[in-house]
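This is the structure I want to talk about, given as structure tokens.
Chain nomenclature is as follows: A, B, C, D, E and F, assigned in order of appearance, with residue numbering initiated at 1 for each chain independently.
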Amino acid sequence: MDGLMTLWQSTGLANFALGQVLMMAVGGLLLYLAIAKNFEPLLLVPIGFGAILTNIPGGGFTEVGGMLYYIYEAGISTGVFPLIIFMGVGAMTDFGALIANPKMLLLGAAAQFGIFATLFGAIALNFVPGFEFSLQDASAIAIIGGADGPTAIFLASKLAPELLGAIAVAAYSYMALVPIIQPPIMKALTSEQERNIEMAQLREVSRTEKILFPLAVLLLTILFLPASTPLVGMFCLGNLMKECGVVERLSKTAANELINIVTIFLGLGVGSKLSAEKFLTFETLGILGLGAIAFSIGTASGVIMAKIMNRFSSDNINPLIGAAGVSAVPMAARVVNKVGLQANPHNFLLMHAMGPNVAGVLGSAVAAGILLALVG
Amino acid sequence: MEITDLLVRSGQLMAVGMLVVFGFLSILVFCTKLLSSLVLKYQPLAPEPAAELPASEGQISPQTVAAISAAIVQYRKDKTNTGE
Amino acid sequence: MDGLMTLWQSTGLANFALGQVLMMAVGGLLLYLAIAKNFEPLLLVPIGFGAILTNIPGGGFTEVGGMLYYIYEAGISTGVFPLIIFMGVGAMTDFGALIANPKMLLLGAAAQFGIFATLFGAIALNFVPGFEFSLQDASAIAIIGGADGPTAIFLASKLAPELLGAIAVAAYSYMALVPIIQPPIMKALTSEQERNIEMAQLREVSRTEKILFPLAVLLLTILFLPASTPLVGMFCLGNLMKECGVVERLSKTAANELINIVTIFLGLGVGSKLSAEKFLTFETLGILGLGAIAFSIGTASGVIMAKIMNRFSSDNINPLIGAAGVSAVPMAARVVNKVGLQANPHNFLLMHAMGPNVAGVLGSAVAAGILLALVG
Amino acid sequence: MDGLMTLWQSTGLANFALGQVLMMAVGGLLLYLAIAKNFEPLLLVPIGFGAILTNIPGGGFTEVGGMLYYIYEAGISTGVFPLIIFMGVGAMTDFGALIANPKMLLLGAAAQFGIFATLFGAIALNFVPGFEFSLQDASAIAIIGGADGPTAIFLASKLAPELLGAIAVAAYSYMALVPIIQPPIMKALTSEQERNIEMAQLREVSRTEKILFPLAVLLLTILFLPASTPLVGMFCLGNLMKECGVVERLSKTAANELINIVTIFLGLGVGSKLSAEKFLTFETLGILGLGAIAFSIGTASGVIMAKIMNRFSSDNINPLIGAAGVSAVPMAARVVNKVGLQANPHNFLLMHAMGPNVAGVLGSAVAAGILLALVG
Amino acid sequence: MEITDLLVRSGQLMAVGMLVVFGFLSILVFCTKLLSSLVLKYQPLAPEPAAELPASEGQISPQTVAAISAAIVQYRKDKTNTGE
Amino acid sequence: MEITDLLVRSGQLMAVGMLVVFGFLSILVFCTKLLSSLVLKYQPLAPEPAAELPASEGQISPQTVAAISAAIVQYRKDKTNTGE
């Protein structure tokens, strides 16, 4: 009968292109990493699933009228979803450790060298035939070194939407790989003695300081780097709602239901950029390689900065905490703590690493603003 | 644009970027310290004993006590009934 | 004064058309059924209320700029709302009973005969003067037999938007009437002895099986029936999020706050299609009649299939559980349990009926895909 | 280097206009009032923060592509956000006190004189050079006297979008100032003896009455004032969902997560109208002044109406409860209770004041409908 | 439009508005009373003792009792062990 | 299109539809069985005693015990005071 023929001609079996099969395998791999290996599952489950849906021959998910098309257009190309996520992250962030020891901000600054060195590296890769990264592309790739998902997605959606899928996948994958990438670098750059350094306990921070801090951050961003205000502003809004204590129902919703809803759709929307023709390219290999370099350089520069600060500062600073400056909250801080405990079982660095860790979030939002202002 | 031109531009970006990141966050270090000193000057950290104590001591609300009391009575009755 | 006159001319009293009064009565009836008779209240409260709002003379709810207009255009004509609901339903569904006894899928297949027989019946109704159902219309009507609200709304929004209101009302009403429609059919087709059959206890199902099952379902749908992938895909995403155990905060949000929010708006949006000129037609009577037939045929074919399977299978299969194949989760499974207990007070069929019940959801999503591919 | 120059030229420092600095100070003031003085923080925190973001030179929040632009266009200019808030407020409202004593509705009616007198006053202000309020402007300003945020935002978005920021700020500020504005007026208009009056305890109200009441309100609105049905309809939907008892998961979501999410965005969207060129005008001063007058007149007319009713009614009516007729739920009712306790420490008026309080919400939604129908 | 014209119109608006607000809410007063009398006629307020009692009396579920009983046993054991 | 033509088409749809529904779900039956056998082969169902036991035994957390103990003490004090 005709009907069976029509159905057959519409099946995946009859229409599969190799690229789609490969991309479904990539989606499946992301699901596997998320579920079995616990690789940033909150993002990689929806991204991986979105990648599968995107590559269904005849599924139409990313065509006008398709679910993923609407999600991407409404939430990602407008930049709204990453900003809402950033507000929710702000509502979950405690700046206490950073306010108690503001010098830690310099570690968050140093780790951004990973971003700018990678930008240089991405352009240098153009000498290899097959790569033709523009400055916009290179900037969006380099932000992987910021180790912050929403920042990477926000910047990529503005500077290089066609690379967004690969960039987001690289960013979240390397964030999950922080416990593997960072320790060798941390150990190579520090002596046993340095890793043993114990740090003075952090002072208590008052509620007023916690309320004023996000406003101070916002004010400085307004004064010096307006291009960062979308990211920094939404982050500070979330943090202010959390700390001010009078809008608890808003901050709890922002940090729970709202961020959860948006995370599902953000993941699916990112997945919609994982089509074969966009992902199965030479560039993606370059992006994956550059992302690993970015993380490594960021880690190294954070550690080196911490060593310098330890030398010139009156307080003891364990250089390991510099590695937390890449952000990847809270994974990087936990890695610091673990490596510290290996050297000295009584040395709990977690709280000390939270300072550079959240400083890294601010640092990469600042770096993203610089790139937007100069390259966007 | 030639790759070398791009390289020059990205080198400049690196310099400007790191300068601005460090500059910005250094100012933030300064402002945070200033902010903290101002806050602590005008509003020294109170020991806040009133807010802490109830959490450590008074975890059991009157209702809980009432409910538990009733439960104990109930429990004793049951014990008596079942001849435990 | 002029003002009073203007106000009077804008009142409902001065502008009511008979059709609007009747449709408000229909809305009121739906509210009554939902609240007093517990007829699928989660949907029928917003649908009934939406019907009232839609028919307010001068209310402007469904005109450009009106609340219901935006809801319908953003969520229903795009298909996004039913798909989000389906994701949430997936996040609430436990496939354990079906994985333990996969043959039950055949009962979910058999019950879809209700759909295709009704499609034939709807076309046959064209012999009656006043009916002029196209194949698209007939397909959208027939899906009522799938006994699944989001599937019916999704298909109707694609194939016959002008009939969507009547189709959704019929679908949810008959789902609520399952305890009245099904038992007589079930009893007529089975002997006392058959209804007494006890079934072997279901084996335990491992977490890995539960994780892989939605992926297997998705894979087969991709291979053989891409047109079903929007529905099946979102359902499987919800189920995977639930079962994989690493994104609990996402699956809980999908199964609670997100589905609740979307349910309110889906109901209001469906109500916006209950205007007098669209609902008070001869077709609506046909749709209501065909819907009842569809449910009945689906129930009957499920039961008959179960009888056949019981005869040819090595295991005992109580034919009553075939009735759960129409889906209407979990109402139909509860009806099966109740009728079973009437025959044998020690025979709890609930878990056995959950298999065909969730199979029915997959079955009607598959049938919807077939209709979309061949008629859409 | 060029880059540094480009960055410098993009900074806030290099681009600040005086108006923007002033508006940021206004935003900061709103945050201060919200956080330190507990002025309606749920709204004024996002509004104040939105005002700051809006006035960032080069921030682009309110330009096409900016976050606040999308929020305003999607949620406020369509009227959808205030209506969703109104649904949530309905799902939090208990009409029990009003059903037990329906005469209280007349207090809610009297207090609306604040609206219409202010409308007259706003037009009269046109005699002062520099003011040129149209009837639309004057109506949107007058609704501040309704003492209900969503109603004011909804009406302003329809009649005078360019004044929306100032109107919303005035409405929420005066609602927060109710404990300061109302008591002197209440005391001036009542004798010690009147403030002492004790009222008969309210009868119990059955669930059926509570279910039918929102439907009756909706029906009357449909019959006599369709222009009020968006506001009244959504309010009644929320209330019906709460009272009917069969859709608890929907009403809880409407009254919690959904209203919280929308409140954040509503506040940011209102903030997006607080740009210097729209807010730093002579009109804003007029709006702030007129708003204070509106609240005062509304309070006074409520109290006077209560005095009249006390004289002619068989029951005792404490005139203080008339002040609750302005709405400002539940602040005004609490103020009534407090002033009553000052006169008579054993006289708890809270429950009696809840009747006029929720009546005031209906009253201002009715008034908004009248203005929409006659001026819109 | 002249300001005086506007003033006249806004005066009319005031009159019409207050008239309609009062008229509307008066009708609502009447309808609410009617509704209540009809409801109370056909469905008099039941004392609902079944629904009330458990809330006031049976606040403690069997599980709670069981848990508490167990806790008491545990508590006594601990007391014995620590020689309190 | 003539009604009879439509009827023929809908009859075909019925046949094709049921065929595909049964075919599809039959394949799914087969795949599910295959999947289960593979899973059970490589990952036999463990008894998982570690995960079950605490839920059945240790329902009462140390905090609960502590709270209840304190409550009992409180309860006894109250009883003494009120001379019950």
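Note that a contact is a pair of C-beta atoms (placed from the backbone, for glycine too) under 8 Å apart; a residue touches a chain by one contact, two chains touch by 3 or more.
These numbers come from a predicted model, not from an experiment.
Contacts with subunit C and subunit D are shared by A, E. Identification of common neighbours of subunit A and subunit D yields B, C.
Note on interfaces A-F and D-E: more C-beta pairs are in contact across D-E. Using CA-based centroids throughout, the chain positioned farthest away from subunit C is B. Set against the Cα centre of subunit D, the chain with the most distant centre is F.
A straight line joining the Cα centres of subunit C and subunit F is 22 Å long.
Centre-to-centre spacing of subunit A and subunit C amounts to 41 Å, using the average Cα coordinate of each chain. Chain geometry summary: the mean Cα position of subunit D and that of subunit F are 46 Å apart. Rounded to whole angstrom, the centroid-to-centroid distance between subunit C and subunit E, based on C-alpha atoms, equals 34 Å. Multi-chain contact residues of subunit D, defined as those touching 2 or more other chains: 3, 7, 224-225, 257, 370, 374. Residue positions of subunit B with contacts to 2 or more other chains are 13, 16-17, 20, 68, 72. Put simply, subunit C touches subunit E in their complex at residues 1-4, 7. Listed in rising order, the residues of subunit B touching subunit D in the complex are 12-13, 15-17, 19-20.
Subunit A makes touch with subunit B in their complex at residues 98-99, 102-103, 105-106, 108-110, 112-113, 115-117, 119-120, 122-124, 126-127, 135, 138-139, 204-206, 208-209, 212-213, 216-217, 220, 224-225, 359, 362-363, 366-367, 370-371, 374-375. By the touch criterion stated above, subunit F contacts subunit C in their complex at residues 3, 6-7, 9-11, 13-14, 16-18, 20-29, 31-33, 35-36, 39-40, 43, 45.
If you check the complex, the residues on subunit C that touch subunit D are 3, 6-7, 10-13, 15, 24, 28, 31, 34-35, 38, 41-42, 45-46, 49, 52-53, 56-61, 65-67, 70, 256-257, 260-261, 263-264.
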